[in-house]
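To start, I am sharing the structure in question, which I have written as structure tokens.
Chain nomenclature is as follows: A, B, C and D, assigned in order of appearance, with residue numbering initiated at 1 for each chain independently.
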Amino acid sequence: MTGFLFENAWMIPALPLISILLIGLFATGSNARVAGIIGSVAIGTAFLLTCGLGLSYLSSAEAGASAVTWSIEWLRYQDHLVVSLGTLIDPISLLLLFVVTSVSLLVHVYSIGYMAGDEGYSRYFVFLSLFTFSMLGLVLAPNLLQMYVFWELVGVSSFLLIGFYYTLPEAIAASKKAFIVTRFADLFFLAGILVLGFFVHQWIVDSEWGGVTATALQSATATQALDFATINSEPVLANLKAQPGVFGLDLLTVAMLLVFIGAAGKSAMFPLHVWLPDAMAGPTPVSALIHAATMVVAGVYLVARLFPGFAASGDALHVVAAVGCFTCLFAALIACTQRDIKRVLAFSTLSQIGYMMLALGVASAEHPAGLGAAMFHLFTHAFFKALLFLGAGSVIHAVHSNDVADMGGLRKKMPLTHATFLIATIAIAGVPPLAGFFSKDEILGAALDGEHHLIFGVGLFVAALTAFYMFRVYILTFLGAHKSDGAAKAHESPPIMTIPLVVLGVMSVCGGWIAVSQFVLPGVELHAHLLVMGLSVAAAVVGIGAAFWLYGGQTNRAQSMADSMGGIYRLVQNKFYIDEVYLLVTKMIFRFIAAPAAWFDRHVVDAAMNLSAAVVRWFGARLNVLQTGQVQTYGIWMINGTIVILLFLWLVQR
Amino acid sequence: MFPTPTITHWLTLSALLFSIGLYGIFTRRNAVGVLLSIEMTLNSAILNILIFNRFVASDEVDGQVLVLFIIAAAAAEAVVALAIFVSFYRHRHTLDVTQANHICDQGNSTS
Amino acid sequence: MSWLSLLILIPFATALAVVATPDSKWYLRRWVALFGTGVVLALSLVMSVSYMQVVQQRGGDASVLTISQMEFEQSIPWFKSMGIEYHVGVDGIAMAMIVLTAIIIFTGVLASWEVKERSREFYAFLLVLVTGVFGVFISVDLFLFFLFYEVAVLPMYLLIGVWGTGRKEYSAMKLTLMLMVGSALVLVGMLALYHAAGSQTFDLNKLAMVDYSRDLQQWVFPCVFVGFGVLGALFPFHTWSPDGHASAPTAVSMLHAGVLMKLGGYGVLRVAVYLMPEGAKQWALFFLVLTTINIVYGAYAAIRQTDLKYFTAYSSVSHCGFVLFGLCSLNLMGFKGAVIQMFSHGIMTGLFFGLIGMVYGRSKTRDLTQMGGLSKRIPWLATSFYIAGLASLGLPGLSGFVAESTVFLGGFFGNRWVDATTMRICTLLATSSIVVTAVYVLRGLSRVFQGPMTKPEFSQMQDATIPEKLCTGILVATLAIVGMYPPVLIDLIEHAILPIANRF
Amino acid sequence: MYIQPEIIVVVTAFAVLGMEMFLPPRHRVLETPVCLLGLSTALASVVYLMIQGDGNFLDGQFLFDGVAGWFKVSFLLAGLLTVLLSADLLNGRFKIVAGQDRELIHRGEFYTVVLFNLVGSMFLISATNLINLYVCLELATIPLFALVAWRRNDPLSCEAGLKYIILGATLSAVVLFGLGLLYGLSGSVDLFTMGDNLSFGPATKLAIAMVVVGVGFKLTLVPFHMWAADVYRGAPLPVAAYLSVASKAAGLAFMFQLFYRVLGNVLLDVSMAVAVLAAVTMTLGNLVAVVQTNVKRFMAFSAISQAGYLIMGFLAPDGAPSMVYYMLVYVVTNMVVFGVLVFYLNETGREEIEDYRGLSRTNPWIALVLMLGLFSLAGIPPLSGFVGKFFLFSVASKAGFHWLVAVAAVNSTISLYYYLRIVRQMYIEPGFENDPPLRASVSIVTALGVSTVLMVVLGIVPFFYETIYEQTHNWIASSH
């Protein structure tokens, strides 16, 4: 795999990095307007490079080929543990590159309009470029540590963007929550890296591989423990599988589960999902880019990257499937009850990522179809979900409210937004021939092929739920009458915002026609499941019908249905009170660990130090009393001293 | 009648004298009494040296010479002591050594 | 004369020059100080580059050495009968620390640009302190090392006592005494080593060639470790640190947390671990547990702090724990991580304290609960603060991550003398502090800089002045350079760490 | 002629006395330069003799060697500095300060007594037989009684003199008893012969115990230290300064004679006792110093703890150079501190620790000098106090007394605490309002200048220690 573009693939992430510098240098004060243009041009160039890269990959490389096309030594821990920064080019990284650069480009363009006039305009684009840079670095990572590095960087740019409106308390709280929850998950990721680093390194040193490479420090090109290529190689996996870990699990499973917790944190899988709905406090384009299309699927990407490991472990993959399955159901249920349009979309995102995880979980080394399906869904989801968010952003921009109860009847006011939003809604609902149908169908097919009937059932049910809640939102937002002044005064967004919508709309329609699965998994044959197709279309129709039945007319069927559910409805509406549980745990940590630690430090440790000083003074004062001023007492002390010395000399032998 | 005193007897005498002197130093309240007791202990030491000169190194007179010097030094000491006593008396109108504790009254605080 | 001697002569001469400035021209002093420290900074950078060249020219395989190779050596007999020499030399570790010191003192002078009250003494003491610090880093002779070590500690008393705030006398006294007790322990240990080695020499590398008996190492190692550990904020001897930092003036906090606390780690590495591998093996577990407590406990205690300086001080306790933790790992990565962490934490905490000083100068309060929304008025400081905070929570791309990940790997890889499971549990516990750090850093920063502005007078604040921008800019740039391209630092220190690691 | 320094001092003493007798009062001020001249000449001749090499006089009754030379240098330095420090008081410049009579009277006699005392100490280290030793010990002691009580109008001075003489005389009797025993046990008055004849029997132990009392008294070892606080407090401050160094140096000289010459064979047997004595002394001195408020008492306890460090040198056979060196260092360092105390007491009549507040503003140079002096006492590098202490600790460590090194080092920290209390007053606390800048007189400046320079130079220039080391080694080799 050679060629200018391959060997200079680093330029793709470098472009946004340069854009940060340029914005920082030039887009200050009154020149802030330039920021958007700089950012867009940079990412646009990156997009073009990505396209070029993809084309030359398709034309030159073998299908499914994978290679590190460029790398420099970055962090040298020790022999066989030298971390490089590099670019790993293979189908899934190319796929993600395409998704990230394209969605990012569109979001940049959209943001020029959306953020116009904001006082933090250039700051916004700096953060956005930072995010893009980090995400591209993550996608291209050829080793686990580079992945982690950019993993953290996307986390922090997400943090910065969620807290973009830094005077709003809820934005600050949400940003902190997002960062801390994902960091908590990253802790396990890091632990996984430590485990893999140690045991893979051990294996390299013990095996003949260790002998082959140079012993000295100049071994950047030698086998490195944290490279995906090393970790995913069969002897290493077999070795890890053979070693005992903890809790009766084998080492490989332990390592993969640790990594998966990291992935679950970033992808907001249950129970680490709590940050994502709150993250909607950030600007809407940010939600579209980070919290729908790209960053949150990093977890899926990570699992896909380490798929051989997960597959070899088996158990770890089952956990992935279970978590994905549960999250997709759980989030879909909550999505049905939320009133904040962005929150509905957020829960929908959760649910869809759950879908992808589920797809990964049902795959196996022998039947990797799920992997392809997951990537396919990732691809299509990125577009229609970004579209939904940007559409929602357009609506919010117009109505100045997030609450669907304030909207309604926007179909006429905002025709373009309406049309694209509708396309996306249909796409996500899984109606053929739009994008979502194909990818979802493939996932369900994979589940059925893998004999995971329960998962298949849940998947089908969630498909219906998805159609239901998405149309619920659609109906409440665009159909019916205006429910507020804001909605009445709403008007279509400027072209700079609607053009990205249109582009995304096109992708949402056509995305499913691209054979992503074949691209990702060349040689794996896929057979069409007419049964699955039928069932999934039926589920979508049922969902859509239910939505229209409940919300379509001027009835209060929805309300009465909610009332009839009673406690369960409230439970779901309050997101199963998971947030409250977290709050409680956090408070407990504050109250029962942090406060005692601080108290202990001041009142025990420090007091002990002060006590030693006090003891010295106390002794000093006591001994000072001996100085009575009585000369005869002094004399007696001296004579006693003589006697003591005498006794000492007699009794104590050296 | 009496057996010839041996070195042990003499040393015992000197030790007794020394102890009596020390006792006096620590119990007499009058400074002059204390001074007298000090002279007594000095004398015991002198006696000691003479005894050793006689019984251990009788062919030399080093001990006796030393004693002469000691007597002179003791006299000098007594002179200085008496001078100080006089000036102390002028301030306090007493020679009670237990009264000599004004320094501590002033400076002995335990801040 | 070796170039190294200049590193102590220039600051000292600058101190004298400051003293010689006329009374009326206080502003002259800061320029003198800035010039002197600037020269030192330039010198240190030039020297580290030439050090790299010298090492490369020398070539050879460092992976078989067990005795540190010093460069730029100079040795003048001093007290011959005791074998004491004025013996200076550096290896990569010392070089890195010298660069750190030079950066911190240069920025420290910038941060104390507005010190007018008794500025003559202030700069003089500051420069004397730095003389001591440089002295420690260039010493090869243990006696000289100890001598400079104490020279570095003592001016702190006056610097905090005179120019500090709050309970400054108490803090200054506590700090000085605790550090001195530490150095007392070091003294006991170092004399025991000296005599065990035949009372001939204090040369560290010659002392390192001696095989000390197991019994001796068994008691000397903890003495020296704890002795230096006090300065490295080893639990439970860290309590001088919060009070001391809270009371100290800006530049002093910077210097103290940034450089002086590193002397502790440096001493542990150079004296305890290097000279007494057997002792280290025996005690590794004990100190590993202690330093784990350090890391986790410091982080939790930081959560509850409301004073910005206490907050940073506890975070320093936690971060300095990483240094000692790395050293207890007794392997290449542990040592490497410890040294990187020394450098990284030095810069980071210097930045932190510098910024706290600058913010305090504007807000007149350090109470987190009183502040809010400052970033609107002081975006430069806020940005720098955020970068420092992110470095402190180990964000990749800033130096903290490089250090911490190396330490964690070192800890996880462990060694043959400590049970692997214990080692790993400790490492994971230490790792868990990254979450706690994130909690308190974000909490603290968002309190100060985000949200609505809490006091009307805050709206009058001015953003950083040019010296302040220079100061924070240099520190931020250093954090970023090391974080983004770690070989800058790793290439410098690796050759020096190998001999020490090879002893295990 | 190896006795020439002593002769010069004696001649000076008589000259000064003669001037006091025959000169009219207004010319008596010349006594000070004469005295200084005499002492400087003596110092020069000691140095000259040291360069000449070892020698003896009167058939070996008087030995001049390296160690003796260094001791004499210490004594003469102490004498010189004392003369300088007392000059202002004797001049009557500070007759009444803060409502108190501060003047020292009878200049010529004062000098004479000081000089005789010095001669006693100087002979002490050169003596080779018991008779000489004893007489010199008395000569090095009795004048001090008079000096302490010198200010006869001051009740405290008289009281201090009373205490000092009662205890001193008692102790000299006890020492004499012990010396008598040693004489009896060895059958000789020649110190070398005595050393050869002695064995470590029970009677020897008794003798050692009794002799140690005398040493302990002069060196202020615990529990023979109790006079120190009261006497320092009551004595005129220059006398206290002299006491703290000259008397201590004489004690050390006596101890050298005793331990290396007479008890050389049993030195190792008593090392545990010495170690305990050292530990107790330094600890008690430091602990009590912590709570003092008066600078004189404070310095008394500080001096006590210094004695504890000092005798650590006896723990190993080759500890002698460290002790000689530390003695020299201690003399100059303590004189630095006392010099400032004298200066401040003269100028303001203040002698409480908290009275030192604001000194760094009223006279920054003096404050700096005092700070350096205190740091040197505390053993802070690069001052000579640090080097000296380091060598002493090294001796203890070499002898295997690691616990003692730990105790001593921790004690150094405690001492730093109370030394820093003064530094804190000078630098941190706000000063007295309206205190004018203080100016020091020429004599004080000279004294402080000389001693400060020496204090710094002794620690940095290796010449002094190296020479002491070499000469002391020869001395120890020859004293067995």
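Structure notes:
Convention: contacts are C-beta pairs under 8 Å (C-beta built on N, C-alpha and C of every residue); 3 or more make two chains touch, one makes a residue touch a chain.
This one's a predicted model, so the numbers in the text were calculated from it and none came from an experiment.
Counting hops only between chains that touch, chain B reaches chain C in a minimum of 2. Of all chains present, the one whose mean CA position sits nearest the global mean of protein CA atoms is C.
Each chain gets a centre from the mean of its Cα atoms; the one farthest from the centre of chain D is A.
Chain B and chain D have centres, each the mean of its CA atoms, that are 26 Å apart. For the pair chain A and chain C, the distance between C-alpha centroids works out to 35 Å. Inter-chain centre distance (chain A to chain B, centres taken as mean C-alpha positions): 94 Å. Rounded to whole angstrom units, the spacing between the C-alpha centres of chain C and chain D is 42. Chain D has residues 162-163, 166, 170, 174, 229-230, 291, 417 in contact with two or more other chains. Counting partners per residue, chain B has 22, 25, 34, 97, 100, 102-104, 108, 110 as the residues that reach two or more other chains.
Taken residue by residue, chain C touches two or more other chains at 177, whereas all remaining positions touch fewer.
The list of touching chain pairs reads A-B, A-C, A-D, B-D, C-D.
Residues of chain D that touch chain A in their complex: 162-163, 166-167, 170-171, 174, 202, 205-206, 208-210, 212-213, 216-217, 222-224, 226-227, 229-230, 268-273, 276-277, 284, 287-292, 414, 417.
By the touch rule above, chain B contacts chain D in their complex via residues 18, 21-22, 25, 31, 34-35, 38, 41-42, 44-46, 48-49, 51-52, 55-57, 60, 62-63, 65-66, 69-70, 73, 76-77, 80-81, 83-85, 87-88, 90-92, 97, 100, 102-104, 106-111. Chain C meets chain D in the complex at residues 77-82, 121, 143, 146-148, 150-151, 154, 157-158, 161-162, 168-169, 172-173, 176-177, 180-181, 183-185, 187-188, 191-192, 194-195, 199, 219. Here chain A touches chain C in the complex through residues 73-78, 81, 145, 148-150, 152-153, 156, 159, 163, 166-167, 169, 172, 175-176, 179-180, 183-184, 186-187, 190-191, 194-195, 197-198, 201, 215-217, 590, 593-595, 597-598, 600-601, 605-606, 608-610, 613, going by the rule given at the top.
Residue ranges of chain D in contact with chain C, taken from their complex: 321, 360, 375, 380-382, 386-387, 390-391, 393-394, 397-398, 402, 405-406, 409-410, 412-413, 416-417, 420, 423-424, 427-428, 462, 465-466, 469-470.
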